[in-house]
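Here is the structure we will look at, set down as structure tokens.
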Amino acid sequence: MIVVLQPNADKMEVAKLVALIESKNLKIQPIEGQDLTILGLVGDTSILDAKILEANDVVRRVLHVEEPYKKANRLFHPNNSEIKIGDQVIGGEKLAIIAGPCSVESREQITEVAKDVKASGANFLRGGAFKPRTSPYAFQGLGYDGLELLKEARKETGLPVVTELMSTNDLEKFIEDVDVIQIGARNMQNFDLLKELGRIKKPILLKRGLSATIEELLMSAEYIMAGGNENVILCERGIRTFENYTRNTLDLSAIPAIKKLSHLPIIIDPSHATGKWWMVESLAKAAVVAGADGLIIEVHNDPLNALCDGQQSLKPEAFDELMSDIKKLAPIVNRTV
Amino acid sequence: MIVVLQPNADKMEVAKLVALIESKNLKIQPIEGQDLTILGLVGDTSILDAKILEANDVVRRVLHVEEPYKKANRLFHPNNSEIKIGDQVIGGEKLAIIAGPCSVESREQITEVAKDVKASGANFLRGGAFKPRTSPYAFQGLGYDGLELLKEARKETGLPVVTELMSTNDLEKFIEDVDVIQIGARNMQNFDLLKELGRIKKPILLKRGLSATIEELLMSAEYIMAGGNENVILCERGIRTFENYTRNTLDLSAIPAIKKLSHLPIIIDPSHATGKWWMVESLAKAAVVAGADGLIIEVHNDPLNALCDGQQSLKPEAFDELMSDIKKLAPIVNRTV
Amino acid sequence: MIVVLQPNADKMEVAKLVALIESKNLKIQPIEGQDLTILGLVGDTSILDAKILEANDVVRRVLHVEEPYKKANRLFHPNNSEIKIGDQVIGGEKLAIIAGPCSVESREQITEVAKDVKASGANFLRGGAFKPRTSPYAFQGLGYDGLELLKEARKETGLPVVTELMSTNDLEKFIEDVDVIQIGARNMQNFDLLKELGRIKKPILLKRGLSATIEELLMSAEYIMAGGNENVILCERGIRTFENYTRNTLDLSAIPAIKKLSHLPIIIDPSHATGKWWMVESLAKAAVVAGADGLIIEVHNDPLNALCDGQQSLKPEAFDELMSDIKKLAPIVNRTV
Amino acid sequence: MIVVLQPNADKMEVAKLVALIESKNLKIQPIEGQDLTILGLVGDTSILDAKILEANDVVRRVLHVEEPYKKANRLFHPNNSEIKIGDQVIGGEKLAIIAGPCSVESREQITEVAKDVKASGANFLRGGAFKPRTSPYAFQGLGYDGLELLKEARKETGLPVVTELMSTNDLEKFIEDVDVIQIGARNMQNFDLLKELGRIKKPILLKRGLSATIEELLMSAEYIMAGGNENVILCERGIRTFENYTRNTLDLSAIPAIKKLSHLPIIIDPSHATGKWWMVESLAKAAVVAGADGLIIEVHNDPLNALCDGQQSLKPEAFDELMSDIKKLAPIVNRTV
């Protein structure tokens, strides 16, 4: 960490600041520049709240040399993490293809879609039982009944189940029933929830918040990992920008960025990012060749009558065509489906 | 709601769409434009998921005529809402001045600050017992012990207490101990939490999410109100933009906007918005003359040693000077302190 | 265009508004909704300044049914535009691969890079002679001397030259010397410049502004096309968002969006978007499979000593490897290199 | 400047980097941290292109200790700059109140509005002769005829004239006819134009770009000042964010930020920021108490029939009421009108 001092800083105040920093077991190396003086802080600065230093009148600015995350940082964990779920692995050579409807609506719907996506090459089933909806008047999901239907679809197809947890109250049930616990974008910084997830071993699919930086996404992963659960899969699903033709702006540069900064797997959700089914194919293929470890895609057998997000759901036939292209593209970037 | 049709839409498909819409008890009035045809939907469209219509191949776009919120909408509730908290009112002529430290740290700290801010003119005490922190390694608040200290400070000063709730698990305790329950920006769309808040009567201070539009803020208020709790106070605390000199960008235009769209009170948090104590004075005064119903300001008696956010905390003397200016400005915009 | 009226609009004022609209040769079809009344405007509304209607007290909101651009709109021009440059075509099956250094620095540099990128499969040479730089103290380009060097490199390799025009003063020279005139992101709404470009026939590579919506990009294309020059190639080069790990956020969803909305070709610049050379490969490949009509990529033979943007330049060997992958990916999405 | 090295950087490569830096007359002070090593660069780093260092494989990141602007920096110019325009001063105790229509439309219109705003307390007249419009089909201003009408209005009222320059071709005419040359948001990084403005002495009102950081605004001022023209007045007019209820998001925190970072005056344009006339009053008052050096406000005597931006124009009576409030607020923040 680098502390930039004000040009005419009071010496007594600087001495106090130095004493404060040294009391945290950090060493200081000053550099006198042409116009400004800086203090280089050497030691474990992760325990220091950098912002508090800026409360000091003699401090002009604080600069960070190291990333604030440790367990999620590739610097200390050079090899890719591979997350095991049953006989599937996320983060290895094989792509994770997670497909299914936005929300579970009925036994027929979820089972039929599960069979269809499996036939096309998906290796995980998604489907919401608890739905975060902007409007209190919108369909909120089937809840526990939805979980039961997901279990039936899993039994029928063998596909492990990925579904969203919204409340710590349902955690025990999810540990029992679900294969991967999804944390939605709006809960990425629900720190109480993250702490609870650190206490379990179940793999977590952590979606990037709408306005979360890549660093903040990794800090939320760090919350879970610091608690003891290292089975974290990151998911980019579009960020909020000024552009409103698409629901969000899919940030595919997050793929190489996260591969550089972290060892955790990163998968892409083109359905929520764009909010338009006819954009999904194009961006799903782009994600794969950009180096994503997998995709999470909404597929519905009757989008026109879906209870939620039909506008961004592929029909099974369209998904099948997409998978056929992905099977051709994957080997070129050293991946398998 | 307006449905814009594709220029060469299949007539059979349009007929199906019309039937679907009419099955929701809505009437359709078509208008044939120069290049495009639109369908005007008449009736209660709030129950219709507009996005689903866009799943339809014959639909080019859907436009919204009405706001999706009802209870929070000034259209149906022309007078300002006034929220009563003990003998204080938020949303009337008198400004709500909520002041105190970022986090409760000790009996001496919170009581001393409470006395100081009261003496300067604050009529509410703020202080975090449960702290949402980006880093799992940062101070997370004193928890229940913090609530006890807040109660002592209230006893000593008579100031009602505003503090943040992070988990439904603590709700009962907060109903008992706290005067206004604050919901932080990161939980603005924690819908499970919002639903619980709708079941109680305690006033809620709902902070705008970092990337929430004004409409989404009002939709989150609608969640609480739809559940039965109409005591909602909105709070603008800065939104996330590309500018990173400030922690966030304070959106003061939200004040006239919300006054136009809704009857709910709106208060401003310049401390979190800017993240720099020396900016607070300027923006606090601006908020008052722009028409805010109140302010929430961080005040700490020893910012250099604060356990959290010292860089954005005013010292009691600086707060006192600010209040002295606000007392002069308020009457010019027909407010009292 | 749809005009939403205020619920309690004064009838005399509405009558005046109706008269104003009808005086523009537009017909009005009103629809009385449950809470609000709307006026549907039928006719050529492109001549009407919609915003002005909002000056009217009785108007609640104005909604747009049609896009404000005509000549750039696929609605009126269903087939893809193909822009011819010498014996090359942009917008057809063959990808446009535009490669070269950020700025022209010397005869050796530009010629060597030109030969290298041609050998790897590029069909256009890029290189800045006039450089827009944030700092007045930074290298500003070789100017006319740079144009001469570009011409020599073209003579040597046969590659058509793409370079940025910053001022109308240099237009004549560019028409003579250059094959494609690039308009940089910062000049996308330099309307004086756009008007001049409408008067010529030379193909224009129009880069999307840092904070321009897709609609605004198309409106800037419309400026040029309305003037008479239909040879416009669009370029997505990253937009400004809150994420600052990358220089900008590359918006690949702009590819399917623009393909839907417009008939103009769209190419992608991953170098400026990310600002990091090690991200370029991943996103260049993604752009191709997402459906881009081409790429514009910075290649420098000595990035460590480049006078500009070395951090985002590929070395010729890295570019060659990238092209080798692109040659394999292109046929899968029905493209050739 | 601080260069953070990669943890396992090749020593030969580091030695080359060190040699490169030292060849620029900079000294290096290394600090070995716990996990990473940094190089502190001492000397005039403004001539060094920091980004180029990131082209180097051994470099992890570059951090900036100093701001990249010198002439606009308060560090080297502690006192506020005061810009003289005739017998008016911008940047002193007296507020600059610049008012007038969006565009000059006729002799009657501009003269009548000029008289009205002067009577209410404005000390400058604004009015566009050349208008930057998103649509090529919209009214583009009266051009030179507009300048003539502005001169007549100035003659009649004595108010100095502020109007926008869009092209270097009109510069000579503007120097002769105009008192303050306004550079619009879309031209803030039209570097060719900025360079020309550096060669003259006429005061420049430089508007912040829609997606420009405060630092970039100051860098554009630096362009003009580096050329020799130190008469720069900055203007915040709203930035582009995800919120689209308002045209842009007015960033009032730019006022204290710019006051800290720079000695240049800063004025606020609430009309363009919000795009809604009924928001202007609230935010204009807020700007004054936040410490702005002035306001630029659109006033039109017939907004319903304005040729441009009527929706954001105040009527003269509303402007008069606003000024009456501002006259009361100004003294409380030590300003005069």
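Structural remarks
We call the chains A, B, C and D, going by the order they appear; numbering starts again at 1 in every chain.
The rule we apply is simple: contacts are C-beta pairs under 8 Å (C-beta built on N, C-alpha and C of every residue); 3 or more make two chains touch, one makes a residue touch a chain.
This structure is a prediction, so every number in the text was calculated from the model and none was measured.
Averaging C-alpha coordinates per chain and comparing to chain D, the farthest chain turns out to be A. One inter-chain figure worth recording: chain B and chain D are separated by 31 Å, centre to centre, where each centre is the mean of the chain's CA atoms.
Remark: chain A and chain B have CA centroids separated by 26 Å (rounded to whole angstrom).
For chain B, the set of residues that touch two or more other chains comprises 211, 240-242, 244.
If you sketch which chains touch which, every chain touches every other chain without exception.
Those residues of chain C that touch chain B in the shared complex are 2, 4, 7, 29, 31-36, 38, 40, 42-44, 61, 63-66, 75-76, 211, 240-242, 244. Contact residues on chain D toward chain B in their complex (touch as defined above): 211, 213-215, 239, 241-246, 249-253, 255-257, 260, 273-274, 278-279, 282-283, 285-291, 325, 328-329, 332-333. Of all residues in chain D, only 20, 46-47, 49, 51-56, 68, 132-139, 166-169, 186-187, 189-192, 194-195, 198, 209-211, 216, 219, 222-223, 226-227, 240, 275-277, 303-313 touch chain C in the complex they form.
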